[in-house]
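Below: one structure in structure tokens.
Chain nomenclature is as follows: A, B, C and D, assigned in order of appearance, with residue numbering initiated at 1 for each chain independently.
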Amino acid sequence: MHSPLLWLLPVLPLLGFLVNGILSLSTARTSHGPSRGLSGFVAVLFPALSFGLSLWLFQRLSHDAASIHETNVNLGLHLSEVVRYVQPLWSWFSVGDANVGFGFAYDALTGIMLLFITGIGTLIHLYSLGYMAHDRGHARFLAYLSLFLANMIVLVLGDGPLVTFLGWEGVGLCSYLLIGFWHEDLANGAAARKAFLVNRVGDLGFLLGLFFLWQILGPTVPFTYQGISEWFRDPAHLAMVGQGSVAALLTASTLLLFLGCTGKSAQIPLLTWLPDAMAGPTPVSALIHAATMVTSGVFLLGRMSDVFVAAPFTMHVIAVIGAATALWAAVTGFVQTDIKKVLAYSTVSQLGYMFLAVGVGAFDAGLFHVFTHAFFKAVLFLGAGSVIHALGGEQDMRRMGGLARKLPLTFAAMFAGWYAITGLPGGAGFWSKDLILEKTWMHGGWALYVVAIFTAVLTAVYMTRLMILVFWSPSRVDPEVEHHVHESPWSMALPLVILGLGSLGAGFAWASLVPGVDWFARTLAPVVGPAQDLLAGPEAHHPPVALLLALGLMAAFGGIVLSFVLFRSGSYRETESGELPFLSRFWTLLFDHLHAVVAVWPVLVVSWILDKVLNPLLFGLVRLVGYLVEVFGWLFRALQFSRLRLNMGLSASGALLVLLGYILVKELLK
Amino acid sequence: MEISIVHLQLLAAVLFALGLAAALGRRNLFFVLMGVELMLNAANLSFLAWSRTFPGRSALDGQVAPLFVIAVAAAEACVGLAMLMSVFRNRESLDTDDFSRMKE
Amino acid sequence: MIAQVYFGLFALVAVLCGATLVFARHPLNGAMALVGAMVSLSGIYALIQSPFLATLQVLVYAGAIMMLVVFVIMVLNTAKDSKTPGIDLVGILMSVVAFAFGLVFTGVLARTPVEARADSPRGTVQAIADTLFPVHGQSAWPLLFLAVGLVLLTAIVGAVLLSKRRLESPISVEDHA
Amino acid sequence: MNLHLAVIAPLIAALLAMFSSGKDASQALRNALLLALAILGISAPLLSGGIQSTEPLTWFVLPAVGTRLRWFLATDGLSSWLVVLSALLVPAALVLGRRMAGDRMREFASLVFLMQAFMAGAVLAADLFLFYGFFEAMLLPATLLIALFGGRDRRKAATLFVVFSLVGSVPLFVSIWWLATLAPYHVASLTQSAVQLEGTLGFTELQALLAQVSPAARGWIFASFALAFLVKLPVAGLHVWQAEAYAEGPAASSALLTGVMAKVGLYGFLRILIPLFPMEAARYSGAFMVLGVVTVLVGAFLALQQTEIRRVLAFSSLSHLGLGIAALFTFRAEAQAGVVLLIVAHGLSAATLFLLAGVAESWMDSTHVDDFGALSRQSPVFAVLFALAALASVGLPGTAGFVAEFLMLLALFKGASIWLVALAGSAVILSVAYTLRLVQKLLFGKAALAEPAQPRDLHLSEGLVLAPLLLLLVVLGFYPAPVLSAARSDLLQRLPLAQAVSEDASHAAGR
């Protein structure tokens, strides 16, 4: 179906970006920048409009889907037809075999992503009004944030991989700009650059993966998600890609695409940038590095589920990498002292869960976790931001404690987030994480399940530790700072409340224990259903749901209890230097070291050699030629007399000799 | 009509040698210049003489060449004399043996 | 026959004038000798069917160029007479070289059997113009003619530039030494 | 008519700019800017004109050889875009060059116009002689710009530039001369005519002529052509002059060198080398692809190590244009389109970067990156433009550079091997590394030198001439069709081939 309104979705925040950008630029000279009211109003208005539009679209989509479903049931058909609104805009480029259109497409997956992207996006714009109120560059900040939103919308709304790539790089750019927002500190700039660079490595994988995919599809298939899906859903094609060189091509393609996902979603091996990215302002961490951008890898896998299920090896790799990342990051989160770092590693770990789910073929479970995670991780970050804000920029948990009474609202919101992420009954994480554990049990084998459940325990441990250190333990706050602790303004509180409620309630979108509530799965079914069915086959046996549930709950409760035992009694041992112990540090920076050895040092060494050896060598060569010419010059100058007549006479004699020689030779040859 | 080509060429050779002797042997710049002129004249004579050994229109090429020689000689005399004047004004001398700065 | 007599006469004058050029003390004498040589050469040109060049020789060479030379000689010699010596050791050496040149040429010539052709055309203005600017067909001469024009133009500009500065400022040896 | 004007108008402008009566530099700049805008107005219609050519005018016939030298211009989308590109860059170069030219604005403007004229002539020429003339003539104003307006080591830079260019072009000259001696025989053999005919070196005639030359000789001619263009580009190994010329010349000349002159090198490959020597190009395509990718890598690695702004930019140019060479030799339609887009996109972004770098240098009176910092706070407009141009140069999607890079990599993927693509692609990552480092050093961080007493930023006029360039980059990033379609029109097949020959024949008949 054609829908003429899709283009408005990204353009609205883009307008917000332009207005705020121009405001910021035009008032750069003035002493306090543009009016906060104006820029704030603009910044919230446009994302909100976008949110409203996506709500309306989603409502329409559900309506259309329901009516089509009804028709199909009436006709006795058993089809899950994709309802898709498309808006092809123009031909991007069309050269040789490369025909790429620029357009948007909207289906259930996009709809769900857009709902929470624009929704949480709007809330975080609102939150930023309060958080950045005292910053000189708040209009610039809001402009970047709006630009990010526009790009993120393009990412999920694109009708083909290349339009997605446009948004994909765009969000990377905004992430760069926002991480390095306080650019006077060079460390922030370095973190921003690292994020962009590491992402670029993934993006190269993405591009190459697309090339391979294109190779498989051939030039006649339109290079849109629709075209790709339909091609791969054709059983004849599936048989073809299952074997021989095409299978190898497909494996290469999917692995490279997955590399792109690991870059964006901070999975092994490209995960080092996300913890560093915490250098950015906290709203950024909440929106970009927790709720939206980092989940775009999972989104892409869901988008191309039909492609990925055709490459079983890649699916295994995804599952293993997801599990490994989840475990590694959970362990890392366990030893951090910076509140935002804990949350960052927690994000990495949760993303690992999502990839694990996708890897075992449960695309809808993975995406559901994306959905719930967006709520509870956003609220955790915003809560952390609120704490940091209240403490005047303090991020070290060793200098917090006892804040539950001082910041009741923040505490309540973070409690909701904590409740959700540890997987306590009824919270958002309870539903989605259990779903993933269940699917892992069913399709992933016991080893992955053990890793996953162990990670769940660890998650409960480190999150509880965070809550203890910040809220429940006796106060270790600097008395001078403690004096000024205050609850945040309403613009920050409102998002906290909404998101806190969301993290408690979002799970009910697919409460698989409650019969009949499977809204989420039903909505997504047309998009990822065929792929899942292909991999899982008809569900012959039912999992031991009760046992799995019990195990999951035990993990959560066990972790919490363990954490109380470990940290409540002994409080926190402070090391003198304030640094992490060596082993923890090594573990935390494991992949940074790997990157250094594998990529950074070799590049530096080669470029040093080229610059210091090759270039001088070439220069030397040029000089050598120059010297040779000069030497010849000296030689010939030495032949000259300083008498004009002699010189002329000599040249005349020379001419004479040549003439004579010529004649002689002529004579002799005759 | 009856003047033999060889005689003409011989005359040209003699004049050329004389011009060369003046150009090389004399130290005064004027004589050098005039020696060159004489050599050019000798070459012209040679051109004309040879042209008479060619048939038809191609003989006229030999008649046209001296035209260009004269033009070039005019240019040479023009620049040469100007240089000579400026040299004289700088050096107060026209003796070629005084001019030995080129090598430095 | 009469032509040969004239030729002999002209040739004699030309050679004598040439020799005068080599040995003359004063440049003015040399210049006058050169004019003589040119005029007699012009006579020879006329003898060998080249009336146009003969005219040009007198007009341009003997007339214009040599006039210029004489003029410069007289300008420069107002202050003092030329102090340069005539012939010295180097000069004699050089003369030997020149003599050797002449000898080689003569030698070569003596061994070359050449004959003038009777059908060789006269170098009239008409004939030369036709050669220079052919109406049909292609020829290199027009291009060369253009090139010579450029050379002359350059020479004029060069000469003006070379002497211009001197007109403005008083002559000074130190300035440019 | 327009074609003639596109070449002649800048020449006239050069004269007018030189002898205009403007008393002070700003008056001279205003005059020059008016002229430049007029030229832009003259050139812009070329874009909509499609393929067009002028009547070939015979200048003269080479004596004793019989080959005509002709004034013969032709254009298609590719040439038109190059002409318009230079017409777009010249106003920017003039306005921003004001900071470097000082009192000698008239001379500066005149040289810039000369360069524009010769470059327009080179890309519009449809006759090899004419092309060569303009190709060489470009050297003159470029060298003078470097030698007169450059930095500390400008003499050395200019010398290197000239020497390298001559090393490239002298063999080219010999080859062209040799071809000129062959042309008449070729025409005679074509027409079976007893009358001696004259040959020409029009591109179309050359195609037929070269097909008859012996393979060995053709190989040598091919090599000489390739060398000349490779030096202009340049590629790794021949790049010694580049960083010197770009870093020591005035920023405006660096901008024109990379924005226009280097592009003539690529143009030579596109228009002349590959169409005229299809067999040789195919035989050595592997070598050229490897050379291109090596250039990409070497440029990127070297850029990482540089500490002067314009040296970083110079090696970045080396790296980006290397990809063009590698892609071209896959002979795929995607590559051709990608390279044409690269010419436009890189021309705009790199020239903007060079010009802005020049401004920054004039503020700080330094070329070393460590002396800069915090320009985004001191000069926000400058910072926005610089950042945008930098992002465009690394090929961020949404700018024209991305589409160009994408198409070239795709062509390499399809026409070469995945490993070449991976290598070239990793250089794209490196390009982010060094470009962002530059952005970081210039725009962010703390001010390294004392804060200026007065707030300073670009003048309004400077912003106004640069903004359209960047806007065009973004527009072409989303809608590159106007440039991409330019790559498709095949000029060589449509030039009036028979004209020269038939003209000769009628000449012969008339006689």
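Points to keep in mind about this one:
Here, a contact is a pair of C-beta atoms (placed from the backbone, for glycine too) under 8 Å apart; a residue touches a chain by one contact, two chains touch by 3 or more.
Just so it is clear, the structure is predicted and the values come from calculations on it, not from any experiment.
A summary of chain positions shows that the Cα centroid lying nearest the centre of all protein Cα atoms is that of chain D.
If each chain is reduced to the centroid of its CA atoms, chain C and chain D end up 52 Å from each other.
For the pair chain B and chain C, the distance between C-alpha centroids works out to 5 Å. Centroid to centroid, with C-alpha atoms defining each point, chain A and chain B lie 86 Å apart.
Centroid to centroid, with C-alpha atoms defining each point, chain A and chain D lie 38 Å apart. Contact of a single residue of chain C with at least two other chains is seen at positions 90-91, 93-94, 97-98, 101, 144.
Multi-chain contact residues of chain B (touching two or more other chains) are listed as 20, 24-25, 27.
Checking each pair of chains for touch leaves A-B, A-C, A-D, B-C, C-D.
Of all residues in chain D, only 60-61, 63-64, 66, 198, 511 touch chain C in the complex they form.
Against chain A, the residues of chain C that register as touching in their complex are 90-91, 93-94, 97-98, 100-101, 104, 108. For chain C in complex with chain B, the touching residues are 1, 3-4, 7, 11, 14-15, 18-19, 21-22, 24, 27, 30-31, 34, 37-38, 41, 44-45, 47-50, 52-53, 56-57, 60-61, 64-66, 68-69, 72-73, 75-76, 82-88, 90-95, 97-99, 101-102, 105-106, 109-110, 112, 114-117, 119-121, 123, 127-128, 130-132, 141, 144-145, 148, 151-152, 154-156, 158-160, 162-163, 166, 171, 173, 176-177. Across the complex, chain C is touched by residues 643, 645-646, 648-649, 652-653, 656, 659-660, 663 of chain A. On the chain A side of its complex with chain D, the touching residues are 24-25, 28-29, 90-98, 102, 162, 165-166, 168-170, 173, 176, 180, 183-184, 186, 189, 193, 196-197, 200-201, 204, 207-208, 211, 214-215, 603-604, 606-608, 610-612, 614-615, 618-619, 622.
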